[in-house]
Every structure is written in structure tokens, then in C-alpha cells.
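Each structure below is given as C-alpha cells.
Each of the next two complexes has subunit A plus one other chain: subunit B in the first, subunit C in the second.
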Partner chain A sequence: MALPLPPGLTPPEIAFLCEMELVTVIPRQRLEGLDLLGGNLRPLNPPHRTPLPLWLALLLKRQRRANMVPPPWLSQHSLEAILDYETEHDDVFSPPPRLPSAPSNNALAFSPPFLSSSTADAAADALPYHWLELGEMLLEAASDDFEDPDTMRKLLRGLREVRMAKLRKIVEKLDADGGVKMNGIGAMEIGEGRAFVGGVIDGLRKIAASREQQRKDRDRDEMENGFSGTADDDEMEMA
Partner chain B sequence: MKQGSKIELPLWLGEMLALSQSLNTSSLVTLDPPSALAPRVLNALKADPRTVDLRALAPHFYNLGARILELFEEEEMIEVLSDTFKSRSAVIADQAHNPRGALGEGADFMRGLDENERQLFRTAHDSAKAVRAWMTDIKKK
Partner chain C sequence: MDIDDILAEVTADAIPQEQKDLQQLTRSWVAERVAPELLAWPEELMERVLERIRKQIELVEDQTGNMDPKTNFKLIIIQTELERFKFLVRSFLRARLKKIDQHALHYKQQHEASQTTSTPLLSPNEYQYLTAHEALLSTHYTSSFLSQFPANLQRLDDTTGGVSMVDKPDEDAAVFVRALKDVGQIFVEGTEKKFEIRRGDVYVVRWSAIRRWVELGDLELI
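Right, the complex of A and B next:
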């Protein structure tokens, strides 16, 4: 049975998930606080900056009820620095935003997507998980809140090209049974690369299927006969 | 058919005849690797995987390789095929993201892809197209 959609998420779905990210707006009209499923929103009082989910911020922006404050990393200076890092380091992505230190008590530490990585007080030197989608959507809906939207668009495109080229180069390091380090990769990049990288891994596994089968047989023999305690036991368990 | 003669059989038939040795005492046939996986081809792949026309050798080159590897125990062939697939996939990805690649200098390479690789090209191309489509979509809103 052929499914109509490829595995993973489509770009519109990824963009939809991105819309729950908090962004900072400067309201131009008063708005009562809203009790939403995702949590209560503070009342909007111009001209106080308020964090809002992206979807609501985009809505208010389109109705000209609010102005956006772009996150610090979405500025010409930061993007140029990150782009430099990406072109200098051939095989790693620029590191993701640092996580806050774990709380001392037993409470669970916050991790993405529950960190505000795109509000006005986010880190300036790192691309968050949803950088591409958020950047594109903000530049599209609120280009008048940026100083130089065209340069920003160009920088985003440049970043995307460099990083996708790295993602494509990953396949040369792939193995049928190995892992690959992809720290700092973004949601849209995963969505775009998933089908291809998955296809390569499937192909490699098919080629090495006979070796895998042999290993399984050997492992089963060892399970039945009890472990012989040889040095390469560990290796085979990893496989 | 005379004993000791060499003939070409379909893979399924050759496989069955070769594996039937447990019933009789001696095997009916012994298998040689098919010409698509001859040492000459493997050497060419080792030298430069990107210039070999896999499609001319066998339309399902990798699937054939996987079947043959079930019959023969050849560690080296696994290595060569895996490396070939990896380095060719990298080129495929570049071609899939580069819309004019299919017409320009990459045309020869694209014609030489086997079925698995074509499938891979199609998926890579589709996902790149989907992201581009989304980017033009948000501009219309």
C-alpha cells in the first residue's frame, strides 16, 4: 500500500509546529489576557514588550495591532558570524543555543521546545531548532520590523545552502550500523534530509544484509552456548 | 547437458540448483558471480565509483549484489558496494538539489543510475521541492 505522504513531516507541518514558539511583540492596542490551552497569555499593554506564540503574533501583525521584535540571532551581525562559523567548520553545524543549567531541586529541566529561543532575550550567537521556518515567516509577515530584510533573506538562504551541503556530505560517513553526529541541526533541515538519508541507510543495510544475518546467527549461537567471553563481544552487541 | 559446461541461468534457477546439494550428495551446479559483479567491475568501482554505468551492468545492481552476497561470502564485495553506494549517493543528492544538473554535465551520471539510486534521487528531489514550495507558499499569504 502506497502512502500518499513521505515519512516524517511535510514542510507545512513543521512550520505549524514552529508556530508555538514564543516571540516578542510590541502591542499597539490593548488586549485582555487570554486563557489558552497552551497557557495563559498576559494582557497586552502598549508599549510594553510581551512574549506571544508565533501564530498569535503573526495574526496581530497582519491586523496591524502589534509590531515584532526580531530575536537577537535574527540580525545581520549574528547571522554573518554564524555563517562564518559554518563556512569555516567543514563538518559540524554551528552549535545550538546553550541549555540553561539544570535546576538544583528535583524539578525537570526545561528543554526545547519549551525554552524561549526566539524572544527578544534569546541568545544571539546560536541558531535555535526552528531557525529557518521562524526566520522565513517573520521576514515574510513583518519585513517592516527589520532594518534590512533583503540582506537577512540573503543570509538565511546562504546559511541554508551551507548547512544542506553538510547534511548531504553526511552520507559519506554513514555506516549500516553506525551513528552520525548532527548537533545543531534545524527542524526544517531534518524534514528535508530525512527521506534521502533514510534511503541511503536502507540501501546500505540491504547491501550488508548478509553480514548482518551472519552476525545474528553468530550472536544466537553464542547466546545458546553461553558467552565465550571473547574481546569482540562488545562490538557485536553494538551492531 | 554435459558435465562441466558453462551456461547462463536465471538467478532463481541457478540458486535453486546450487542449493539442492543437501538432497543429492553433490551439487548440481556451481555458481560463478554474474558478469555485472565480476572482479573487473569491482576494480573499476574501487577506482572511481562515479564513472561506472551501473544501469548498463544491471538495472537492479545493488539488489543483485545483495542476492549474490547471500550466496557467496565476500567481505570485500560488501565493502566495495557500500563505498560505491555512499559516494554515488552524495553525487545524487547534489544533483537532486541542483535543478539544472539533470540536463548539464551530470546527464551521463544520471543515466547510469540503478533502480535504487533512481528512487533515492526522486525522494531527495521531492523533499527539496516541497521545502521550496512551502517557501513560495508563505509569500502568497
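Right, the complex of A and C next:
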């Protein structure tokens, strides 16, 4: 019964997550609203564009009940611009899409795959968290909704290679302490890099473990002495 | 509180509970699959989700056999979504079971310590599983070899010599996190590492250094 998998998500699981992303479809058939477990489904009225989760959009598309509207970033112009950025800056990933305004303190903060970063009105200048999976799935199931699917595939492949090279380069920055910033990284890239990056950090940590323990003990001693010192000062002042 | 806060609150209230629960269930699933340690059981969330799944199954059972093609297609959609939810719940529970199996005695102690707090570590079912499984194992060990040992070597949770026999998960393992809020300065104990995490940042960092903020919901594991 227990899950036999190591920590981390497998590629099919990452694709499963990605299928929760909202995409825009143009329905070709009417469909009444439905009460789904993840919230109500709005009725589909052709030819009104409607945002739907990707799994449902793919289901409708495969049965030719809808057409997809590719997200703005999945276009030749945008991908070329992002690819240029990626090649020019060889130590950071291109920045992720801008975040929506921050929720107030008690509200639940939404994060990918629930940010609608791939609907028809999403930002055109940034790759969302699930860019690789989403691009591949859309190109596979709905290549007829793209003007030039082969160029898209080529650009996605190029992006993937540049970014994987960066991920491999990050290894030089890794040390036993962790704390490496990786803004803009994609879900599939984390999935691929997790075992390696985590393994390197954990391995280095084990090598440095005894030195670290010494430091921890020293810090703790200093802290205790420091606290007792200030306490004495306070007492002096009180007196 | 300024106008943005008020607006954000209004929009947050407008989001239906179902959608929030899906986000939270997804987040809990990813966190449980990725974290080196078992996380607290999200009791209220699971109650709501399981209740909804139960109702949806009833609805599907009610409507199967209906030959109208339109209803039929609706049923396909409902069933597809139902299966996705069932997968999430099942994978979540199995990931927890794996951790419980691996470090049973450790989590038993932790759970007993957490029972007085508002967030117990295990669900009643999981606790029952843990104790039953543990009882079976120790009976088996005793009958097959432990009973041959001298009495002072028969314990499974010995702590003599300052070393505990109870195995613990690696709390310092590296994890990927994303900040849902500004978190501020993070210190990694035992090193000179200090850095600031802002909303939207993605970091690879030791689990022990950021566990507190994941439990608060300011950081999410990815």
C-alpha cells in the first residue's frame, strides 16, 4: 500500500499537476454547467471563449468538441524573445510571470497550477512554471490550433536545452549550506534536477557535518553566554 | 489595512470553497511527496474533500444507465474529474503510509506529543494502522529472535549511551520551496548562510531551516 517511490514527483505526476492549469478554449458544442469537485464548470456556449482546466480542454479537443487558444507566450515572437534572454544571461533563468497582487494575511495564497498563467489573456513575456509540459501537451493534442507548430517545437527544444545547461551549471554554486536561489525554474526542470541537486547538497553536508556540529555548539555557547551577559546588565541598570 | 487589502479580501471571499480546497489538497499532496518528514494531518480539508467525493460517487451511480448521449458525455467529464481527485487523495495517503512505515516508532512518539495540540500529526486511522503494524512486528521479532537475547537487549527503543535506537528521517535534507509571502531573513543553523526570501522566490534549502514557514503556509514545497 505504501508508495514505493522516492521523494519528489515523477514526470507523469508533474504532467498531472500541469493538467490543472487553466487554458482558453473556443467550444464547438454547447455544454450545460456542471458541478465538479473542484468548483462549478461554467456552461459552454459556442463561440464564446471560456477558460477550462487543461485536462478537460484536452478531453474536449480529442473529441473535436472544442478548439484551443494557445497562450500568448506560446507564440513564435514571445518564445524567440525569451530564448534571446536565456542565451544572453547565462547564470539566471528568464523571470517568471508577474505575480497577482498579494492576498491579505488570512486569505489562501494561490500558486501554480492555479494562477491562470496560460489562458488567452496571460502575460506574453514570461515562461510559466509548467511551460514545458503545457507546451508539449498542447502541441501534441492541438497542433492544428497553432499557425506553425514545427517552429514552436523547435523553439521549445532550444529553450529546454539552454535552461538544462544552466541547471547543470548551478551545480558549481552548490555547497553544503543550501540556500540557492532558482527563480524562474520550471516544474519539469525541478523534477529532473531534484535528485542530483539534492544529492550534491546532502552529500557535501555529510562531509562537513563534524565542522558544522562544532560551530553549532560554539554558537549555542555564545548565545547562552551572551544572554546571561545582557541579563546581568539589565539587573545592574535596575539596581 | 488599505484599499488593496480590502479588495484582496473581497476577491478571496468570492473564490468558492471547492476551488480553495483543490489548491490546498494539491499543495498538501506535493508537500507530502517532497518533504523528508511526515506533515500534520489536514483534518478539516480531508473531511470536506472525502465528503464531496462520496457525494459525487453517489451521483455517478445514480446516473449510469442513462442512455441519453448528452447526459452520458456529462458523466464522462464528472467521472474523469472524480478519478483525478481519487488519485490525489490516494497518492497523498500512500506517501504518508510510506513515511509511517519507515520511521514508525519516531512518528508514534511525535504523534503522542502532538495530540494535545490543535494539529495532531496522524489521523485516527493512521494511528490505528501504526499501532497495529507495530504490535505485529514486535510480536514477530520477539517470537523469532528477541526472546533469545538477554533481557537488557530486548528493547526496540533503547537510548543507553546517549544514542537513540529510534531511527529519524533526515531533517536537513535539501528541498525546493516557493515563497507565497515575504518571509524575511533565513539562517541556516551551523553555517554562515543568511539570505532573504521574498514572495515568489524559489530556493533550494535545508528542510530544517524553513520547516516553520512551511507549517505556517508562508512557503510551499515544490
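The rule we apply is simple: the second predicted complex is superposed on the first by the 204 of 239 C-alpha atoms of A that agree within 3 Å, B and C clash if a C-alpha of one lies under 4 Å from a C-alpha of the other, contacts with A are read in each partner's own complex, and residues count from 1 in each chain.
FYI, a residue touches a chain if its C-beta (ideal position, glycine included) is under 8 Å from a C-beta of that chain, and two chains touch if they have at least 3 such contacts.
None of the values given here were measured: they were computed from a predicted structure.
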Comparing the two partners subunit B and subunit C, which touches a greater set of residues in subunit A:
C
In the overlay, answer first, second, both or neither for which of subunit B and subunit C A:F16 touches.
second
What is the contact status of A:R168 with respect to subunit B (first) and subunit C (second): first, second, both, or neither?
first
Look at A:L34 in the shared chain and tell me whether it touches subunit B only, subunit C only, both, or neither; answer first, second, both or neither.
second
Considering only touches as defined above, state whether A:M137 meets subunit B (first), subunit C (second), both or neither.
first
Answer with first, second, both or neither: which of subunit B and subunit C does A:G203 touch in the superposed model?
first
Check whether A:R194 is in contact with subunit B, with subunit C, with both or with neither, and answer first, second, both or neither.
both
Could you look at A:M223 and tell me whether it touches subunit B, subunit C, both or neither (first, second, both, neither)?
neither
Residues on subunit A touched by both subunit B and subunit C 174, 176, 194, 213
In the complex with subunit C, residue positions of subunit A that touch it:
1-5, 7-9, 13, 16-17, 19-20, 31-32, 34, 36-41, 55-56, 59, 96, 99, 101-104, 107-111, 113-114, 174, 176-185, 187, 190, 194, 197-198, 201-202, 205, 212-213, 215-216, 219
Subunit A - residues contacting subunit B, complex:
6, 10-12, 15, 136-137, 140-141, 164, 168-169, 171-172, 174-176, 188, 191-196, 199-200, 203-204, 206-211, 213-214
Considering only the defined contacts, which subunit C positions touch subunit A in the complex?
1, 4-5, 7-9, 12, 15-16, 18-24, 26-27, 30, 33-36, 49, 52-53, 56, 73-74, 76-78, 80-82, 84-85, 87, 91, 94-95, 97-98, 100-101, 170, 172-176, 178, 180-181, 186, 188-193, 195, 199-206, 209, 217, 220, 222
Over in the complex, which subunit B residues touch subunit A? Could you list them?
62-63, 65-66, 69-70, 73, 75, 78, 81-82, 85-87, 89-90, 93-94, 96-97, 116, 119-120, 123-124, 126-128, 130-131, 133-135, 137-139, 141
